[in-house]
């Protein structure tokens, strides 16, 4: 019995923690729930590492079947895990980051009265995410997909007493559901076309007997719609910034490192399908690129530290889709992994700042915190560097590979967008770091009470920082690193666009130079504006008037959605209800009323006068006589 | 001989509530004793239904535990009972929901005329169980109508302020449909053979269904369909439902939503489809359209509901739309999905009404705007209610999903000779899944989240009795979501047979 | 020359409809009662005429008339009793006054 | 002659009972009479039921004036049962209203003898005499509460219109005699089979149609019904709403299918139209009523329509006839019961109760309310009651005859009817009694009578087969061959 | 030789019957109406004689002219007749009623002539057969009729007998109008 055969233990451990904490947390366990959950997830992480090693050791494709979940007619879906390099890699990322976030949260949530609740939902999330990653078919993936959505809902709305988290939670779930609609269509159509939802079966049959391209295009567009919902791409991204209403560790784990990358995972998983789906991949690339630059521009002007990170996440997810779209799924996965580390770190660092600064999130009230919280500062600096794609930090390798792939695979415009967005990224990172940690304290009271977070929170930061530095080297040398060798079997399409042979260093260096130059330009501009006020940020914002307002208001997308869709939906519902009451029900009631009116009318024939009654009888006699006479003379049929 | 020595389990299932009825009607006046009798009776019924489940042979498509005794030979009517995969789960669902309703009602929800209430409930149980067991059209009709009067009284006596309007509406709607069905049943009897060899026994009718001409099937299906469509209810025959639910006492709502609505879908599958394949084909486009309309319309109307019960009621319309859709796409996935959806909807919506009722008992408010922040005070309540809300919106892993998913799968597979096919209807129906999230979560947010009102601050969380009522439903909701195959194994062979009967090629060519 | 059967029946029909018209036209309960008697008499005439002039199989018609006598007497007795009983409460024989119940 | 007398033993028994009652009433102390008269009447009626056969192959007696077949025995039993119920529900009411009890029972029994004679008749003469013996006592019953102007009015209207319709019927009979040369059904049947539908036959059967339709209260010959039922003392209403109607249908079957059956002429369409008009009209007007007694009166018109629908399907054969008989039986029990339930309530006047006065009846008298509900549900046609089964038996032949539209009309009418019947249940069960609602006086015999009727309503709804087979046998003579 | 007598008598009797009956319908003085009704009955007896049914004619005189007319005259005496305008003696529906009745009556009267003549029975001597058949063949309707008379008697008595101890009336007592 090897670790792969025991792969179900990985999700089982967090699930157990969920049950234990859920059943006994409120009454008995209370603060013991945190360690329990962390231990369970830690155990899962260890197992995941074992699994990874085994997969790396050559056991590249294993299905571990538990039981038949649904089987009706020709439709059969098992609860079965697919252990291959892709899922093994995801397992590591998910469990390790989750474990660190769990540990961190023990400190972060310590004084919250919903502590036990938090550590009930968090392992449930890990469980769902692991199902998503492990499922060997689209339906099981969908189960995890919805499960993480649920946990996201629960955790965004963790502080449900305030209206904003409750609303944000609902918004997240519903927007995700719009994407899920696409997922379901894609999933069911896949079954109709291939007769199975199993990844393996689908890809086998695709290879042996490819269906019409139109169908594939439909399926992939549908899946991609699902992915845009979950991974916060245009146009379904706007829930993610709002999701920052949740506790910061949640933002780190769910809305940066793991759940939001599920869309990337889905598309990467379905690479064989997408590769044959004609116009879908370019669409993915364009959506990814546009989302990247769109979100980055918004991030430029935000003052809430978590919102900056949120838009940054949207932007980075855009990069990943760009990678998928230009035919570099490994690069996408690579960036997914590195991003998991540095973005989780950025969020946890922000959390540490918020925690230390008395739950203040507005960067305008911070400043100079570097002195008060050095560990946080230095770790976040590393993460910021990684995000800005400064070599040799992790982000550099992965992002550069994406941008390079865009150029090399024939998307020069997208390459320009990618590079430019890199510059923007470096700028807003610099801006955020400076406003938070450097300069003069802008709120003395806040500054005085600020303090470094406890060890239980800082240690995870350090571990993540190490990851942010080192994770890039799994992809070294570029295009031919360990990760590429490991993942390529899983995401090979047969139409592989990855270059053969060794790394083309010249090409790499040339492209990297452009990227790094853009980053450095961004950093320089940022430093110049915020450290030296040259030009002064306020002046810039005044000068760029309308543009600035548009960015501050996030392109008015929320307003648009609210007015156009939500208001319209409510109005339509109101109309439908009025229709229900007045037309459908009204008709019924009017029918009853009509009968009673008819009865009232006929009543008047009952005059109470004997003479009238006798008259009716005689009139009836006349009528009967006429009818019988009709029969007698043969006018009426006998 | 069965292992339990119960040769007539099905008859016993009908007799037990009747036996409980006798002391309630004639001997016992004390409220406590009344409640005890009712609880014991319904519990015995529940146990017996589980015994029945244990005697059922999984994998067989035909009727099991079959019983048949002539009843009114003059009308070819016999007392014929049997279960197959279609009904075998609906019966325990019924007995469980009845037990829970009685249990909950005995906890103080019903304060006046307890004896009459319990008597009505036991009579109702006879009707409900009988509907799912009867294999004779006439007997089915009798049970179908037998459900009517007790529910009429339950809503009318123990209901809310507009109870009379609601209960009359409920009865008149139902009667309008069912009386036409009665005419159709008699027409079927007359068409079933030459005088002397006529019958109303379902197995015999199915065997001899070649006698039903296409024209005949067209009209008779219409009559059956109307009755079932009203009972379901399908749009546009649904307007009795919100009123009835809003006014009904909690136990009445649970059973109304949980069981009575299922009689419609059950009737379609049990009688209309296998007996009238041509009628089915002829009406198929209309029914598919109405189903999808119900899914979307029910959901859209639910969004703006101000009354909690009305919202759940309209959501039932949408959920029942999935049931009819699954039935009329005429494939195994759709049909199995429809039955699962019926069972799940029974548990989930029953539970939702239970919780709305519990909440109403405590706060005396049902307007969503009057509530809010209840999650602060009632963690237990919130957890239970939340799970049921999630199950209702079709979250995978809970029971609601499997049925809806199978129905959608079946819908996508739907491939008619003419008219729009599955790729048109499927995505439309799937929008209903989004909308379910919209109205349910918005409701949940407004009711449970936010700050709690001063008036509700001291209200207690769930009592042990209420937990006891909810736990079985919760367990079933979760288990049926995780191990749906356990239920599907019961259901599938019979449904496959029904679908085969309904799509029998020899009937389709009649067009 | 004998009078044809048809003439008798025609006279009886005429009498019947005159009586019927009286029932429909008059408001006095006693007069209506008289008119009903006229109608019964019309039937009597027809019965006797048929019995004696149409070559009937049997002569039950004549005997029928005797029963009609009895019935007519009984009807008048009960009818007058009802009229008088009502008259005690409401001293009028105008039937149009009796319309406490209608609709 | 002795066999002749033996054949009509039940009729004799009822007559003798009536005479005994009159005698005892004169002899006994009032308190004694109050106790014994109803029991005497019931005993006599029970004796009457068991003094005759329930089924028989049919025999002709009294020179062909009387035919004792199963049809006759069926109705005999039915009329006796109805009379028993009418006696049982009356005593408390009579006592309360100071209505002379002995005369009341005797009058009911006389009317019963008349109704039985109708069923036995094999000849227009005995039919007509029977009709008169049935109706004249009912006029008396309607007017029996002398000091009540509604009762006066009911009696007066019923009498004037009844006498008028009797005259019409008699004139029709006289023409039939003229056409056939005989008053015996068999002779008439021979002649009309030979001559077919001539002009004079058309006139004769038109007159007979109107006369009998009036007795059965077919629209448009129904207008006497609401006023007469409404104003009559409630137990009398209960009796007169069922027995004369059942007798009218017995007469219709005897005359139209016994005597005029061979006529080469399809009544069905005309009857079907009349049936549809009657049931719909009765129900629609009943919807608009607020007085329950009057509402029940209109509803009884609607029930005439249902029965007529089965008559219209006569060509189907035995099942149609059986449907008529079964429905008449069912209707008799449930409708009598429903009217009698009002006897608990109408404390002032004879006009029963308004809907509001029924509020909370279930609290004030649970047993009576339950019985009332059972009758109303049965009248609506909801299982498991005899009213439901009866409707099923009607719809069967109607469909078989091909009148799908009529079957659908019946079904939709049942919905209309459900509206007003169940509205009564609403008031009985779902509203609280008004403050100051009068106490309901104990009425033990009424309760017994209603209990018996209610149990019969339910039991016959669950095991209808015996009654149906009996009805099928009784309808035998009218099966169209 | 007296052939013409029968039609003449028939004509006179017919005119008497119809004219008197018409007067019953149309007059306003109730005593005159009652007497004219008696006259109609009397003429009817003549008709019966003409038809050769002597016994029936005798019964007609005895029962109708004797008993029934007297009863009705008593009824007239016991009730007060209103004095009012002539038109108010009639229903408002009178014209319509006349039209409908006429519409039925005319074709029916014309049809009446289509009854074929059979062999007329010899006049007279109908007492004995009538009596024997009444008590022989007609025993059953005869007995029923006798019960009917008894019932009518009881009914009439119960409706008109003077109240002594039993009227009014407990809760049932309705206010008199």
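A few remarks follow.
As written, the chain order gives the labels A, B, C, D and E, with residue 1 at the start of each chain.
Here, a contact is a pair of C-beta atoms (placed from the backbone, for glycine too) under 8 Å apart; a residue touches a chain by one contact, two chains touch by 3 or more.
From a predicted model like this one, the values you see are computed outputs, not experimental measurements.
Path length between chain C and chain D in the touching-chain graph (shortest route): 1. Between chain B and chain C, the least number of touch steps comes to 2. With centres taken as mean C-alpha coordinates, the chain found closest to the middle of all protein C-alpha atoms is B.
Rounded to whole angstrom units, the spacing between the C-alpha centres of chain A and chain C is 96.
Measuring from the averaged C-alpha position of chain B to that of chain E gives a distance of 69 Å. Taking each chain's centre as the mean of its C-alpha atoms, chain D lies 29 Å from chain E. For the pair chain A and chain B, the distance between C-alpha centroids works out to 37 Å. For chain A, the set of residues touching two or more other chains reads 592, 603, 606, 608-612, 614-615, 618-619, 621, 625, 629. Looking at chain B, one finds that residues 172 touch two or more other chains.
Contact with two or more other chains is made by residues 123, 125, 129, 132, 136, 139-140, 143, 146-150, 155-157, 160, 164, 168, 178, 181, 199, 203, 226-227, 288, 419 of chain D. If you check each pair of chains against the touch rule, the ones that pass are A-B, A-C, A-D, A-E, B-D, C-D, C-E, D-E.
Across the complex, chain D is touched by residues 108, 111-112, 114-115, 118, 136-141, 144-145, 147-148, 150-152, 154-159, 163, 166-174, 176-177 of chain E.
Chain D meets chain B in the complex at residues 322, 377, 380-384, 388-389, 391-393, 395-396, 399-400, 404, 407-408, 410-412, 414-415, 418-419, 422-423, 425-426, 429-431, 464-465, 468-469, 472. Taken in their complex, chain D has these residues touching chain A: 156-157, 160-161, 164-165, 168, 197-199, 201-203, 205-207, 209-210, 213-214, 220-221, 223-224, 226-227, 264-266, 270, 281, 284-289, 416, 419.
Here chain C touches chain D in the complex through residues 9, 12, 16, 19-20, 23, 29, 32-33, 36, 39-40, 42-44, 46-47, 49-51, 54-58, 60-61, 63-64, 67-68, 71, 74-75, 78-79, 81-83, 85-86, 88-90, 95, 98-103, going by the rule given at the top. Across the complex, chain E meets chain A through its residues 91, 93, 96-97, 100-101, 103-104, 107.
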